[in-house]
Structures are given as C-alpha cells and as structure tokens.
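The letters A, B, C and D name the chains in turn, as written, and every chain counts its residues from 1.
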Amino acid sequence: MRVLECPLRLINFVGRFSPPVFVQTEIAAAKRCLTRASLLLATMFSVAISTGCNAGDRGLLNSEVRRLDPSVLAPFPFTFSLDRLGLFFLVLILAVALPVLIFSVSYVSRHYTPARQKWLWALLLLFIASMVGVVAASSGFAFLVAWEIMSLTSAGLILLEGSSGERRHNLFIYLLMTHAGTAAVIASFLVFLPHSHTLDFTALRAAGATLPHGARIALFLLAFVGFGTKAGIIPLHLWLPRAHPIAPSPVSALMSGVMLKIAVYGFVRFAFDFLPGGPAWFGYLVLIAGAVSGLLGVLYALAVHDLKRLLAYSSIENIGIIYMGLGAALIFTAHDARTWAALALAGALVHSLNHALFKSLLFLGSGAIADSTHTVDLEKLGGLQRRMPVTGSVFLIGCCSIMGLPLFNGFIGEWMILRSFIGGSTLVNTNAQLVLPLMVGVLALIGGLAAACFVRVYGVAFLGRPRSAEAENAHASPRAMRVGTVMLASACMAMGVWPGIFLRPIVSLAQSLVRAADAPPETLMISHVIPWVAAAFILLLGGTALLKRVKRQARTWACGLPGLTSRMQYTSNSITKPVRFVFARVYKADRTLQMLPEDRPYFPASISYHSERTTSYERSLYRPFVDGVMAAANQLRRLQTGNIQVYLLYIVLTLVLLLLYLRFAG
Amino acid sequence: MKIALGILQMVLLVMGAPLLRGIVGRLKALLQRRQGASVWRPYSDLWKLLHKEDLTPPSASFVFGLAPLLVFAASILVTAFIPLLADSALLGSAGDFILMVYLLAFGRFFLALGGIDGGSAFGGMGASREVLVSCLAEAPLLLGLVAVAIQSSSVSIVGMAGWALGQSFFNISAVHLLAFLALAIVALAETGRMPVDNPTTHLELTMIHEGMVLEYSGPNLALIEWASAIKLSAIIGLLIAIFAPWGMAVASSPAGIGLALVVLLAKTFAILVALAVIESAIAKLRMYAVPDFLGVAAAISTLAVILTALMKR
Amino acid sequence: MILLWPLGIAIFGAGVLFCLANPKAATRVALVLGVAEAAVLVEIAWQVYHRGVLTCGSYLRADGLTAFFLVNLALTTSLVLIYASGYMREAQEDRFFSPRWFYALVFLFLFTMLGVCLSSNLGLLWIMMEGTTLASALLVGFYNTEGAVEAGWKYLVVCTVGIAFALFGTIVLYLAAVRAGINPNSALDWAFLTDAVSRVTLDPHLVKLAFVFVIVGYGTKIGFVPMHSWLPDAHAEAPAPISALLSAVLLNCALYAVLRYDAIVSRVVGPAFPHHLLLGFGLLSIVVAGLLILVQRDLKRLLAYSSIEHLGIAAIGIGLGGPLGLYGALLHTFNHSMAKSLLFFGAGNVRHNCGTVRMDRLGGLARVLPQTTGILAIGGLAIVGLPPFSLFISEFAILSEAFSQSRYLVSALFLVTLSIVFGGFLHHFLGMICGEPKHVGGTARLLPSEWIVGGIAVACLLLLGIHIPHLFNSMLQQAVAVAR
Amino acid sequence: MGILETTAGKVLSSYSVFLFLTVLAQAAVRRFSTSVFLFGLQSAIIAIQVAVIGYHEKLVEAYIVAALIVVLKVLGIPYAFFRLIEKLHAPREVKTSTSAAESVFIAVGIICLSYAAVRSYASGVQAPEDGLAASVALILTGAFLMVSRKRALMQMIGLLVLENGIFLAALTTTFGMPLVIEIGIFFDVLMGLFLMGLFVFRIRDTFDHMDVSKLRKLRG
C-alpha cells in the first residue's frame, strides 16, 4: 500500500490545482510555456497511469479522491473532485493530450504566423484545461461552465485556421448544434432540481435513486439527446464531418479523439451513475442508435475521399460501437444480469480509450501528410510510405488498430462487446435473448466495412505510385511530429499485445458503476491468450524471415506493355466502388451528366459528370425545421409595418384583449 | 500431453494443406475425364518457388515484402484453435472463435495491401474485390459460429466440438444444420473457391486472389500459396470439428488418437470430393452476383441465431 | 435630505450646460457633473444599504430596490457620458445637433429617470415617466435625418398614448384606495399602500383593472412585444450613447415601476394574476424578439430586438417569482445594461469608422477594426449568455427557478429561444467579423474614452460572471427581499 | 338656493349627453378648424362640470382646476393650433382612412361599448354611470381618432381627446386627485403638445408633407 501512497498524494495535489494551473499556462502562452505545460502533463500522465493501473483491484479509489471546493468564488456550487470514472477519462485526455502537444510543437511553428501561434497555444491549452474541468467537475454548474468553454475554445481554434465563406458556414452549424445540445444538457441537469434542490453530484446521485418514473424518462431522453449531439450519434451528427476537417490537425485529433469521449463520459455519468435502474427500452434505444450510427458512419466514410472528413465519419462509426456497448450494458442492468453489464460497459470504456488513441494517431498522421504534401485528398496521394517511412508505418499501425485486427488495441474493445452480445443469449425468454446475438452480425458487418475503408486509405495514400507532383516530392516530417505519432503508435501496440495492463482497473470501474458483485471471467482469459498469440506470431515471423532469398528489382508487370503510369492504379473511389454498389440505397447520390454542346448529343465537345452525395438527414430532418423558423421570422417581420397607426392599433388591441380576459377569465 | 497433441494437430494441418489441394485438383481432373497432375504436385511447386529469386517492383515499400510473412504467420496461428484429433487445441479458450475470425481478417488485410503496393492495376482490382467479399463474408461467418456457440452453450471451438461429440448423429438440431449451410457458403468465399473466385485462372476479369498476388514471385509467392492452402485445410478442419466431431479421441491414449486420425482422413476426403463436385458443376458467379450469394449465407445464419433464441424459450 | 441632491445636480446641470455654447467646455462640465452625480447616487445606495430606507418629504423615498436601480443608473450614465465625450468630439453646430443641446437634454433625461426611481407617489412617478419620454424624444430625433425625425415622432406618440393608459390605471388604483377608506393624500404613496393593503381590503376587480392598464402602459415603455414597435426605430436612429442610455437604463426604470405595482397588486389579489400576466408578456417578448433577431439587417436594430428579448427574460424571472427567480431577474437587468451599452458603444464605433451599421455591407472587421471587433465579440458572447460572462449566471438562476417550480413549458420555450438567438447572433457576427474586409478604411484605433468604457463594462461582465462580490450580493438580496 | 341646486343637479346629469354629441361631431367632422373648436367645446363642458362639482362638494381646488382648464384647454390650445395652421400653411381638410359615415358608426359603437363596459363595473363604482361612460367614450374616441387620422395635427387632437377622457374619468370617480398631481399632469400634457408641435415643424421641413401614414421608411 505504501508504494501507492505517494503517487496518490501527488495526483491529489495536481488534481486540486490542475484547472487553475492550466489557466495560468494559457495566459502566458508563448512557446517557452509549452515546455512547462508538457512537463506538467507528462508528470500528471505518468502518475495518473500508475495510480489508474494498479489501483484497480484493491478498490482504492472507490471513495471520492479529492474535493476542490472554490464555490465561495461563484454564485452556484462550483466544485471539482476526481472519482474513478473521472480518473479514467482524465487518463484518456492526458494520454492523447501529451503526444498531441509534442506533435504540435513543430506543426504549429511551420503553419501559422507568430501572432496566430500565440492565440493557438493559448486556446489549445484552455481547450485541454476545459476538458479536464468537465471530467473533474462534481457540481452541475462547474460541469456546464467547463462544457461551454470546451465548445467555445474548439470553435476559436477552428476560426484561427481561416474564416472563408464555406468554413464559416460549417463553423456556424457546429456551434449552433453544440449549443442546442448544451441546452438539452442544461435541461437534463435542472430536471433534478425539484428533487435534489442543489446541483452537487452527490445530491443528484441520491435524488436519482428516488426519481419518479416520468422524470426519469424525461431525464434520460434529454441526456441522450444532449450528449448524443456532442458525441455525433447519427441523426444529430451533422456538425461532426463539417467541423473536424476544418480544424488544425492537432486540434481535430483532440476533438475527434477526446472531445467525443467527454460526451460519452457525460452520458455514462447520467445513465449509470445518476439513474441506476431504468426500463429495458432505454438500452434498446441506445443500442439501435449505436448500430445505426456505426453502420451509416462507416458507409459514409467509404464514400468520401478527403482524408480528414473520412476520419470524422469513422469517428461516428466508433462512437456507434461505443454506444452499442453502453446499450447492451443498460439492457443487462435492466434484466439484472450485472456481470454481463460490467463486461459490456468495460468493453465500451476500453473501446473509447482505444479509439481516443488510434483516432488521434490517424489525425496526427493526416496532419503530417498535409504538412509535407499540402493536401489531404486521397486521389492526389500515393507512394508516401517510401517518402515518409515513420509516418507511413505509424499510420499503418493506426489503420490496423481502427479495423480491430488482433494484435492491435482496437480488437480488445470490440472483442469484449461481442462477448457481451453473446452473453445476451443467457437472458432466457426476454427479447434481449433474440436482439443481442443478432447485434453480433451488425458489429461484424461494421468491422468488415471499416476494414474495407482503411485498406483503401492506407493502400491509396501510402502504397503504389504517387498520383501527383506534391506526393512525388513529399518529404519526411520533422522530428517532433514523428515523436508524437510514435508515442501514440507504441501505446496502441502495447495495449494490443498486452491488454492485461489496463483491463483490470477498467473492469473494476465498470463493476462499481453497475454495482456488479463479481468481475466477468472472460476478460482475464483474453488478456492471457493474446500475449501467447503475439509471442507465437513474432516467433513465426522471425522463422520465415530467415529464409535465404535472392532479391532483384524488376518492373511491375503491365501485360508486357511499356510505360505503366500512376493513372493506371486503382483510385480511392474505385477500390470501394463494389461495396458502395452493394449499399447504393444509402447514398442516394444525385448525378448530373452534362454534354456540351447540348444540341449535338452524339458529337460532344466535352462531357462533365458530377455526383453529389448530400446525406438525406440534412434534407429531410434539418431543412424543414430551419425553413419553418425562417418563414415564421419573415412573417413576424411583416408585423413591423412602419405605419404608426398600426402600432397604436396594436396597443389598443392588446388592451381590449386583456380586458376581455379580465372580464371572462379573470 | 495436451500441448503435444495441440502441436501435432497444427503440424498435421500445416503440412497436410498442399496435399489437400493436390487431391482436389486430381479429383476435378478425374471428373472432367482428364489425367490431372499428381497429388504431390503442390509440394514440388512450393519447393521450386522457395529456391527461385524474389522480384520486387520499383515502387514497392517494405509492406510488399512483409505482407507474405504476416499472411503466412496469421494462417498458421488460425490452425492453433482447431481441435482435430481430440477436443483440445493449443490455444483453445473462451471466446477464441472471434479471435480466429479476426486473424483471418488480419491475413486478408495484409494480402490486399501487398497487392496494392505492387503499383499495377491488377493489385488494386484484386484488392477491391477481396475487400467486397471479405466485408460481406465476415458477418455470416461470425453469426454462424455464434449460433452454434449459443446452441452448445459454450464459447470456445473446443467446447462446441465437445458438445457436438455428446450428441448422437441422428437428432442433430436444426440450428446446426442452418449454421453448417451458412458456414459452408462462407467457406467457399473465404478460401476463394469456385462460385466466388476461380483459384486456377489468370483471366483479369475474374481473378480475386490471383490479382493480388500477381506481382509476387519466389519465396514470397510460395509463402502466400502455402498460406491459402493452410486456410483451406483449417476451415475444413473447423467444419469437421464443429459439425462432425464423432470419432475424436475422448481419452488421449495413442490408440484412440490413431483411430481419430483415420476417421479424420475419411471425413476430409469426403469433403474434398464434395468440393471437387461443386467446383466442376457450378460456373463462377458474376462479380456483382457474389453479394447476393453471400446475402443468402447471411440470411441463413441470422435465421439460425433466431432459432437458438426461440428453441431455448 | 440627501435624496434631493441628485435631482438638484441633474436639473442644475441641464440649465448650466444649456447656456454653454463652447462644445469643449460643455463636454468637460458634463463629465464633472456626471461623476458628481454618480458619487451622490453611490452614497445614497451606501446609506440605504446600512439604514434600510431613506425618505425626504412626502414625495421622495429610496429603499433596497431603488438603491439597486440607482447603482445601475449611476454606472451606466457615467459610462455613457465618458463615451459621449469621445463620440461628440467632431459634432458641428447645427440647429438640433450640438453638444450644448445634447448634454442639456441628457441631464434632463437623467433628472426624469431619477424622479421615477426616487418618487414615492405613484402620480409623481407617472409624471416623471412621461417626462422621460419627452426628454428622450428630442434625443432620439437628434440627427436631422429623415429616419431620426420619423423615429422621434413615433417614439413620442406611441409612448405618450401608452403612458396615458398607465395614467388611467393609476387613477383606478387611486379610486380603489380612496373607496376602501384610505386618506386621499396618501392613497398614491406606494410605501403606504404596500403595508396598508394588508389591513384594508381593496376591491379586487378595480385593482385587477388598474394592473391591466398599468402593465399595458408601462409595458409600452419596457417594450413588451405587442407594444414594442417604437423601440427598434428609436434605438436604431438615436446616436449610440443615447441608444445605450435608452436600452440600458430607461427600460429598467419602466420595469422598476411595474415592480412597484406588482408588489401592491400581488398583496391584494394574490401573486397569481400579476405574475401570469408578466410571464405571458415575457414569453411572448422572448419568442417574437428571438425570431425577429434572425432576419435583421441593421446592427443597431438587432441590438434593439435583443433588448426586447432580455427585458422579456427579466419579466419571466419576475413572473416566476421565487427567491432565485427575482434574484436572477434583477441581476439580469444589471448584466444586460452592461453588455448592451458595451455593444452599442461598439456599434457607434463601427458607424463612425465604416459609415454604416448595415451588417450585409460590413465584412472582415477583424482586419479593419481589430479593437472594435474585440469589443463586439466580447459583447456578443456575453449577450447570448455564454459561461464566462455574467448573463449566463442570471439566465441560469431564472432557469433553475423555472425548473424547481417544474414549469416545463416555460423552460422549454426559454431554452429553444436562447438557441435561436444564439444562432442569429452567431450568423450575423460571423458575417461581420470574419471574411474579406468590404471597407478599405484604415485600421482605426479606439479612442482613450472608448478604451476606458470598454474596460469597465468587460470587467463588470467578467467579474460578475466568475464571482459576485459579497457587497453586491447582499445589496441584491436586500432588493429581492423588498420586491417580494 | 334651490335653483342653484337643481341647476347643478341638471348640469351634472345632462353634461354627458353634450359630451356624446361632441364625440359624434368629432368623428364626422372634415375640416380641421371645426375639430379644434369641438375640442375647445369639450374642454369647456368639462370645466363647467368641474366647477359644478366644486360647488356641490365645497372643494376649493376644483375652482383652481376649472380655471386652469378654461385658460389652457378652452383658449390656449385652440389658439395655438390656429396659429400653427397659418404658419405651416397646412391643408385645411382632414385626411382620414375611414369615410365620414363609417367614422360616425364607429363612434356610436364606441358609445354603446363604453356603456356596456361601465355597466359591468358599475356595481363597484357608485359614481353616476353616464359620467364614467362619457369618459370611457372619450378615451376610446381619442384612440380611434389617432388610429384613423393620417395628419400629424389630427393625431395631436386625438391625443388631447384621450387626455380629456382620462381626466374626466378621474374627475367623475374620485372628485379629482391631489392638486399637485393634477397640475403635474396638466404640465406634462402641455409639454407633450409643445414637443409634438416641434416635431410637426421638423416633419414639415424634412418631408414637406404632413401625412404621417407616409412615414414608413423604418420597417422590419
């Protein structure tokens, strides 16, 4: 126990002052402050990891770790404290923030003017501080303040990248939808008020247990919509593929990797911590939403050839997988199968940690590509592996992880969620027994499509011949960028090969959240089998590599014809064309074919083909609402006619109406 | 003792793989009234290729060289999960069939990357078709295995085999029948056999597996060919283990193992005859008809899973 | 006796400034008098904080609620005078457009607003309210343009008709009081009335009728929706300091008058009736103003509609009535006056440098006017109620009150409107601030006066957003206690 | 002394009839000067009413107020209006948005409405019913005049009629408010009129027409 005491005290000390310390660092936001910030982050990260990992089994952290209570400052209770769930997500934030900061040391200095650099550093550190604030908040007010500042600073960072017309429109949609989501989150906090009278988490937790049924349903739906908007669940995802690509790469890495997880943190805090029991249909709602988001997210990722938009869509897919895990956990708690619930929830948490790692790795990789080839359009890349060896191999590790291949960290989360789905069959004569096993098929299909998507991404971007001049003379990325990405890649590999190191604390966290008595047996089993598989794999690789071979270079086979050009290679769209043909109904692309000149169709001077895929949500779900509001606004505008006689008539009419109201209803 | 048995089973599958291919080739030849090559021809091919030189295209990166090694290693690891002679396997544990399926995916992913790295159109074409087949095959494969797992209420392949061993041949459950059909269809797609892909062709329009390996030569090509042969034998072993394990040695005495070996060879030969007949009878499907073919497998496996829930009620 | 001082300074200032022809001298004298005025008002507030109630003769009275509004008045007026000193620097001598006229009318306007806050007699309160309309009518029509004259005329006529109905309401209340046996001389003294109504039973019908006329009358001055039509024209055409004064202080005084009546009426017929009316007008105001904000093309009209919306929020706070609701409402009036004056100063600067406030003709302000963009951005973030600023605190308080009374329709409408307004402001401000500059004007720096004013307003917004000082908090609690 | 009492009673009961006549006339009138004259007549009737009540209730302030009304509203304001018309060369006729017949019908409707309204409140108020009805009628007519008339000057007349109505209501129900308040209200009304006159001049200068309904530049 002794050995644990000193890191714990350090984490308390640092936990107590982390938000204000961040605030200080961001004010003096010159480059020299970065070393202090990353140093601080490094210490916090190592300490948090150490306490996180070996604190698991002894239940050390089940009590409130530390209460920072500057509520004398603000009019409403404004307290911070770090319990186990908070600590897990703090580890997640820091695990991603540290490499991103190191990556952006060279990325920022190469891409922005000094003035913007100062702003970018200030906002970046404030962005991280606000996320730490959200995770560490232990009163509704503190949570909401940190939540809004998180959205604001991320918008500020996007604005720093540039503010032309198209970007402004995307930023506008991002901020508007985030604000609407936050309104739902505020409402979900305040619905507690009649029962808990204060917004402190302990009071909320107590009130949550005794909430009347109606309030419980309203609360859950508000939390689902509020946090779903921020997490990017399908009907509410509109902002995600618009906002992430236009942010600077390190920022989009943080947004995609970590900010989405903060939304997951919020939802877990509400669904499992504040509202312990709930009807089964809560779980089905979350499960279906997750499945739909997963499927459509990856299908849209297949259709896009801008790398950063593609990664944004694949974030929606992974959030869908996480929500499927959470849905299964909710169903199990509803049927009181607590052990399976612990497994599903642990799977979801593991997958969110892994997704944070490999998604930020991929975004940093795309940042490195953008840095050296000034474009992220897959059609223009190719052959980058030979020109950017480190970034290439790191990107390969990222792609393997996101597809959930066994020796990489994506597999662990998916395996646990699949295992919990199979466990669903033990809930005899409930419809969960039927639905959950079928979800195995959906998750497998999502995995397969993700594989299709990322074979194309890595194959087209890094292998084969360069498809454009920029790709031709791409150069290796500078040292700091490489270090950042290698750190993340090694983390992915380590967790993939040796899952035991981080599984135990997460499983015990999940147990404490769903109040399960004993830990699910399988998780420890998987963490024993995979190291053996990895060992066998390396052994086999070593053995076959020893084959003596004579190497010779020869021109690629082009059916005997000379001059194989790079245009003869498959492009990113053509590789996924068969898959998109199978799922054609999802895309509803509207194609326009134009032959010039019109009057002589058979002797066209030029043919232009353009296909535009607007997701149907925008047309069928958002457009009518927005048009309705604007129509109402224009109608109201006509009321302000400018004629004074009409204004006087308004006053007299109001008076008459009120008198009638007084006369008959008063 | 278990480890020794496990290793024996792996050696059997790995070394026996080219032989199976030889037998299928010979059977197809006989069905088509041809002489056909000798059964040991694949071994000599491998031996020849291992001594040829390795050609790498100029644009290739290290992935081109690494891919065959990874594919070969993945295939060998797949065999570690399959109980042949007794209901125990080297790495048999709970939930290992998910691991096995994803290892298969691992092999396919790197094969596709190797193909694209060649830098020619054929590699891309092979990769795009492989991607289509694999992403549609993965769901029915997992669903089929899950149906069997639920029915036999155990989550490891060894457990499933043990359960099936206990059942008598004649009251086999409907779930098992449907799962077998689904897995058979997926096995054809997975190993690249006739209706989905013609293993012996070099016609650009039709080849999937061949398209990806067009650029390889020498030891790399040998490893890839061997790996696909191992995949074929592993999947046949899996089908036998789950759906027809009778004859596996229950007590691990040498005599029992010997008898189990003989029964295994008989069952494998029967499956190879069936495979040869299918390959000679059916023509290759058009590329955009493959999704419907795999759709049938998906429908059957979903039905199997639904049945497990209904029958348990 | 001290209550006479502020009125004296104001009327004396108006007279002196009217005679000062030289603009420079007028500006300096105005500044000095403004500071003196502010000091006296703070002194009054300090004394009320300690002694509870101050009275002077039978017509002037100041209690906790008055003190809070006086502090708001003092702070905003000094901000406006400082800003006006910079704004009026190159005003040429014109029949109506000269610093002499400007400052004289401002001090007259100040005198009438002080009269409203300090008067203890409802009749005198009405006279002073009518005085505010008259004093500010000329100020609204200050520029001699077509729009200014039209806005001035509409402002004068609509407000006078509205106020006339308020007079009728006062008379009906007076009638009810006299009929219930209260001595006619003190029948209009609201202090006497508030505690007399518990002893004597007034006729509920008449009191309800009175409140209806009063809320329509003074509602016109507050700008509740059906009666709001004069407000956008007046604020858009008036010079920036005047629209800041109108928006930040005049609307609050009208709300103060309604608060006084609400206290009396809710003691007679119970709080349900007045609070339902206030809630109804509040909701109507935020919804209609929120929607109209989306389609505005002129920055100052946009800010005017935002004033209507924020006064609607304050009305909702009062309509909800709980301790937190009233606390939020009063805090909201203070925060709103700070944020709105900051935004109007920014708008004034934009009009001065770019010559227009039409948002579709403005673009790329970030490059052309970096400091003004700073002011507009901070003001914009504050006015839509985002956390680091104090409007978030007051809106959060009002929302908590709504939820703890489990009035879900009110809170749902409130939250939806907040989002719509956020979208409107975001769209307009992004259009103005980002993108390529449409004006080739040089990068004008802010005047020292504008720096001071901006600094004070931002400091208030941030300070109250993060931590409400104990003194301010207890003064607010005192005001809430009085208003309940 | 009986005659004085009877005449006071007679006046008290009959003045509202005269007021109704002025309301009808005001609605029907087409020339601006007659409209001003009618306003003067109304104020005179109210002044007499105040004087009679003063005599009836033995209130000294009533006489001061009556004198004030006579000086201001019967003589002062009409004289100011006539001077204003000459200086502004304003067109004499009254432009309205409702024809003469419609206006009269509306005026009759207003009178009936005011009686109905008063009856519903009569129970609470012991004041003579027709007095209160007259004041409500005057208020509604004032509002109607302002809404329907297009000229700025006519709107001022409408406002004055409205003020008269409110003042009459105060008078009939509570025999007048404290003197200071009465004088304050008078002063405000006067200042309001003065400012409106000022604005009429400025409208004349900038728009060189008096038609208020054309002032529609500020919209939306």
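The definition used in the following text is that contacts are C-beta pairs under 8 Å (C-beta built on N, C-alpha and C of every residue); 3 or more make two chains touch, one makes a residue touch a chain.
Only a predicted model underlies this, so the values are computations on that prediction, with no experimental measurement involved.
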| item | value |
| --- | --- |
| Nearest-to-centre chain - CA centroid comparison | A |
| Best-connected chain pair, where connection means C-beta pairs in contact | A-B |
| For subunit B paired with subunit C, centre-to-centre distance based on mean C-alpha positions, whole Å | 80 |
| Rounded Å distance, subunit A centre to subunit B centre (Cα mean) | 36 |
| Inter-centroid spacing, subunit D versus subunit B (mean Cα positions, whole Å) | 103 |
| Mean-CA-position distance for subunit D and subunit A (Å) | 71 |
| Residue list for subunit A, restricted to those that touch at least two other chains | 637, 640, 644, 648, 659 |
| For subunit C, residues that touch 2 or more chains besides their own | 153-154, 157, 161, 209, 232, 295 |
| Interchain contacts, given as pairs of chains that touch | A-B, A-C, A-D, C-D |
| Parts of subunit B lying in touch with subunit A, wherever the complex brings them together | 50, 53-64, 69-70, 72-74, 76-77, 80, 91, 93-96, 98-99, 101-103, 105-106, 108-109, 112-113, 116-125, 127-129, 131-132, 134-143, 146-147, 149-150, 155, 214-215, 218-219, 223, 287-288, 291, 298, 301-302, 305-306, 308-310, 312-313 |
| Complex contact set, residues of subunit A against subunit C | 73-76, 141, 144-145, 148-149, 152, 159, 163-165, 168, 171-172, 175-176, 179-180, 183-184, 186-187, 190-191, 193-194, 197, 629-630, 632-634, 636-637, 640, 644, 646-648, 650-651, 653-655, 658-659, 662, 666 |
| Subunit D contact footprint on subunit A (complex, rising order) | 637, 640-645, 648-649, 652, 659, 663 |
| Contact footprint of subunit B on subunit A as seen in their complex | 383, 385-386, 392-393, 396, 400, 403-407, 411, 415, 418-419, 421-422, 425, 428-429, 433-434, 437-438, 440-442, 444-445, 447-449, 451-452, 455-456, 458-460, 462-465, 521-522, 525-526, 528-530, 532-533, 536-537, 540-541, 544-545, 547, 549-558, 564, 566, 568-570, 574-579, 581-582 |
| Residue numbers on subunit C that touch subunit D, as the complex places them | 96, 121, 123-124, 126-127, 130-131, 133-134, 137-138, 141, 144-147, 149-154, 156-157, 160-161, 164, 167-168, 171-172, 174-175, 178-179, 184-185, 188, 203, 205-206, 209, 232-233, 236-237, 295-297, 301 |
